[in-house]
């Protein structure tokens, strides 16, 4: 069961309105590497996990990502200020000013709606943890890109907090992967000599391809 | 901030595996009127609400919908059983058997991924509460359709619980609407005589249209 | 059968070109609460309705929404002017200047294509009429947001007309709902005590949750 | 302005219920080459056309496609019968039985929702008419595929009618193309020797590629 | 089998960075008429073609379109320069500056991700070749729109090359269509008198419709 | 530049038609972890990579994934046989039998079209290589799921080959990651104490949450 506490996980307070950066921050609310994606991926993966410790960790992190989602939404709400002004909001999506009445939508920085196509679930714990480690790294990179493009100290403080939490999750997923590394997809499955070939399918410009080694006689 | 409690909101226990019904139930996990949609709609709407009581109610219900989402996922997981068997899973989506390893995906009964296009947020509280009332009614109807097509007593008991909760939310949203009915979009905005016309744009087959009343001379 | 009359439902004449506002207006052509959505929702709902009066009303309004779609397209076409100038079109979508040759596309203000995911059809007349009432209210709110951000008198006159028509449809749907309020999903369906509980799943920050009432012994 | 006549364009009467074929027919309601796509493509293209005859033809055909959409919806409604029975509806989409209450949804045969990504509009009349000719041919092919897989005489009669109408539209579009063939994209635009080369980028298996003619010295 | 040669098909060198035009050019990388769409359409169509000459041509052109995709990506990469600067990138999509680290994404000019809904495959060679001819014409029109809005000589030279190649493909598809024109969907399929009617479903404003010829007595 | 060789990378020959398994195999052609996704991800990532060895490897593997895509398409084409028979194709998508004329479409096993939302590109080489390692692992898992559900020896031989190639790519990506592990996102970026906390946001059922450590006084 999920519960909500009225206090946010971490205080959010921007220096002042900045609708353009609000649009850019939508990427971490409703984008491919954003907080909703993270929450949904870990929650979805948790449902068939049998290891109680890892299952619990997945749901802990999912709850935290929902709390991050709340924090990013607070950032966006504060940055949007109180005026509809599409003419001044010239970066990326504009639905904020014509559709949602300045409320944060579940869209990315260009206005593309969040989709479950972002979520990776395979039911194989090794594959799923690797997907989570990669997802946290991508989320961290996006926060870095956003951090570099804003001077507002309040925004920077919040991004800094969120970015460090992604790093913390990354370490937890890596530790879990270490624990179960010898199960699931990491076991050999019909590994043959085919997995050891390197197919050089490119060639320096203008030279002839020698394809004879690729098509052995049958 | 969101928190997770290891116990579910309500016990979930199916009589036995039923992969076909598992596929059908996906509609209420990742479909247009499902639990994820409900949770995301109320959470998204809450962020700019100033009335503290209504804001709190929105987040209470959002947390409960996330808990419902967990319950529906448990139902699906139990119904899917333990065997990949796409050949037997002839109703609707088949990703469960080739992609997610029997874990519940964020897709609807036909395999269409969840999208934020399902979520209605306008920043106008009257419009948003009306959207919520309609959403709860649709969710209830879908649960009725599912209930009629399953005999499993455990499944029926859970659907019955969920369906009644939608009704309870509906009543809460209606009460909130009553409280604020004279604000936001319910105020008159440039209402003129145009809002009182009925345009009869259809006609009994074979008769002539009299369009003269629609095109007044300018 | 649908028919087309060469005259528009209402004259459309903008004061002058305004490509930025053209992009914003796309929201009501191809967006979540736009005219195409309205037309498709009422048309789709009509097909299984048995009450001849309500079925007829649905198709009347669907035909009018298609006519509104034509009017919004005329507005956009006039506002786009005659020059491809993506460099000046800095608000929202840019396909108008690189893909459609200034023709209005079925996209929203940020360039997201229209999708049938916007359309709510359940086959239950109460649920469908509630969805329609909520849809008309949202459409009205979006027109208000657009109205506030434009000075062009011709555009304002057309938006004013369209907004009032949404209000008129709203009243028709409410009247129809009154007529059939005791059918369909409004009948009690297994309503138990569960529908009367209020689950308080939030708490003032820092306090302890008392969850004992949520998990009764089984 | 669009109008609706209560009589359908052509009588629709199936021999009996057939939910599987209803699902297959969804392809021509909400699929990539279906009637909604056709109606929206011609309507969208019409808005910037200056030639009054061609503009009128576009809107005539758009209105007819909307009327076809109504006919296909009637077919589906009759074929779905009166019982929710997802367990028997083992072909393609299943939303009909869990979401729409047997009403025809704007989805294709597998349940994918209609999207404006299907619609081709460029604002260049030659390109648009070529797109329309290709679209009509594809629509005809899909009707042929459906015709071959059904014995119901009522269904066959309706498909036969619709298929012949696509052929008729095809001829109209070809005639219009003949009329304006020397305008728009058909004019030479920077045509150089590059447009006359044939790049042979494939080779019989195992042979060497001679790429020297592709990379001339600069 | 596909192979990659390190040299591009044609040298790409822009005069200088231009992030706004980079965003506009995304339309031909990940948009509805872009290079990825072309490559995927011809590759997908080729798989069931029996005519060896046409199958070979399809795969030749598919390989060339992949090479064009590489060229457009090089253009975008050079135009994006080396600085994240969402505040200066005010035209269309902004994911380039917050998500992809200036790498070209598979999105269109407004940030909508590429989708296979753009791809037309029917398995009928006449319909498929007509789709290809129309697709090449649309691609050419989009390149013309882009060409008109850029002064950079390096960009213009590349667009000029690509545009001419579309024209060359167009001629190849037309020639193939001539070769097989009497097969597949071009054969008469149940053509009746219905295909020869013209339904005039529009009327000059204010006049009465005479529908009597449309509803013959049954 | 890409080139096409008429011979496939590896011979493909199924024992006999099996339309149901053809639908299941669509997952690896047009699904979230399929061959098109892999090809597009590596190609897109390659464009801004400066390390010539890694760039070359990315494009080698992209070319091989396109060749795998060709092999999977051949499998599907052979499995679909020569008859449209939607009534017998009761697993997953049905567009094959009503839309594509038995040609393999760029859709997944349930008929959802391929989308670039599957592709992960961040411009940060560490994040991108981690995404690739996770992607290869997921692809391998899906091939295992498919392998287990088919007896056809020809199909099994091809899947076995493809699965082993994913493993080979995985090793290449891991080696590349080892080479550049100290660049890009792996460098410390504002790592503070926040990255070392573990937030325990879950609790055993029925116990009270102690939130005092989460909300330190400010």
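Note that the chains take the letters A, B, C, D, E and F in the order they are written out, and that residue 1 is the start of every chain.
Going forward, contacts are C-beta pairs under 8 Å (C-beta built on N, C-alpha and C of every residue); 3 or more make two chains touch, one makes a residue touch a chain.
Keep in mind that this is a model prediction, so the values were computed, not measured.
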Give the pair among B-C, A-B or B-F whose set of contact pairs overlaps with that of A-F by over half, matching residues by number. B-C
Please indicate which chain is farthest from chain E, where distance is taken between mean Cα coordinates of the chains. B
Copies chain B and chain D touch via same or different residues, half shared test: different
Just the number, please: Cα centre separation of chain A and chain C in whole Å. 31
Chain centre separation (chain C, chain D; CA means) in Å: 25
Between the Cα centroids of chain C and chain F the separation in whole angstrom comes to 37
For chain A, write out the residues touching at least two other chains, lowest number first. 1-7, 9, 32-33, 56, 59-60, 63-64, 67, 90, 92, 99, 101, 107, 110-113, 115, 117, 122-124, 141-142, 201-202, 205-206, 209, 211, 214-215
Touching chain C in the complex, chain D uses residues 1-9, 30, 36, 40, 43-45, 47-48, 56, 59-60, 62-64, 66-67, 69-70, 73-74, 77, 99-107, 113-117, 119, 121-124
Can you list the residues on chain A that touch chain C in the complex? 1-7, 84-87, 89-90, 92-95, 97-99, 101, 107, 110-113
Interface residues, chain C side, partner chain B - complex: 1, 3, 5, 7, 9, 11, 32-33, 56, 59-60, 63-64, 67, 115, 117-118, 120, 122-124, 126-127, 130-131, 133-134, 137-138, 140-142, 144, 147, 160-161, 163-165, 167-168, 171-172, 184-185, 189-192, 194-202, 209, 211, 214-215, 218
In their shared complex, at which residues does chain D touch chain F? 20, 23-24, 27, 31-33, 90-93, 108-112, 141-142, 145-146, 148-149, 201-206, 209, 214
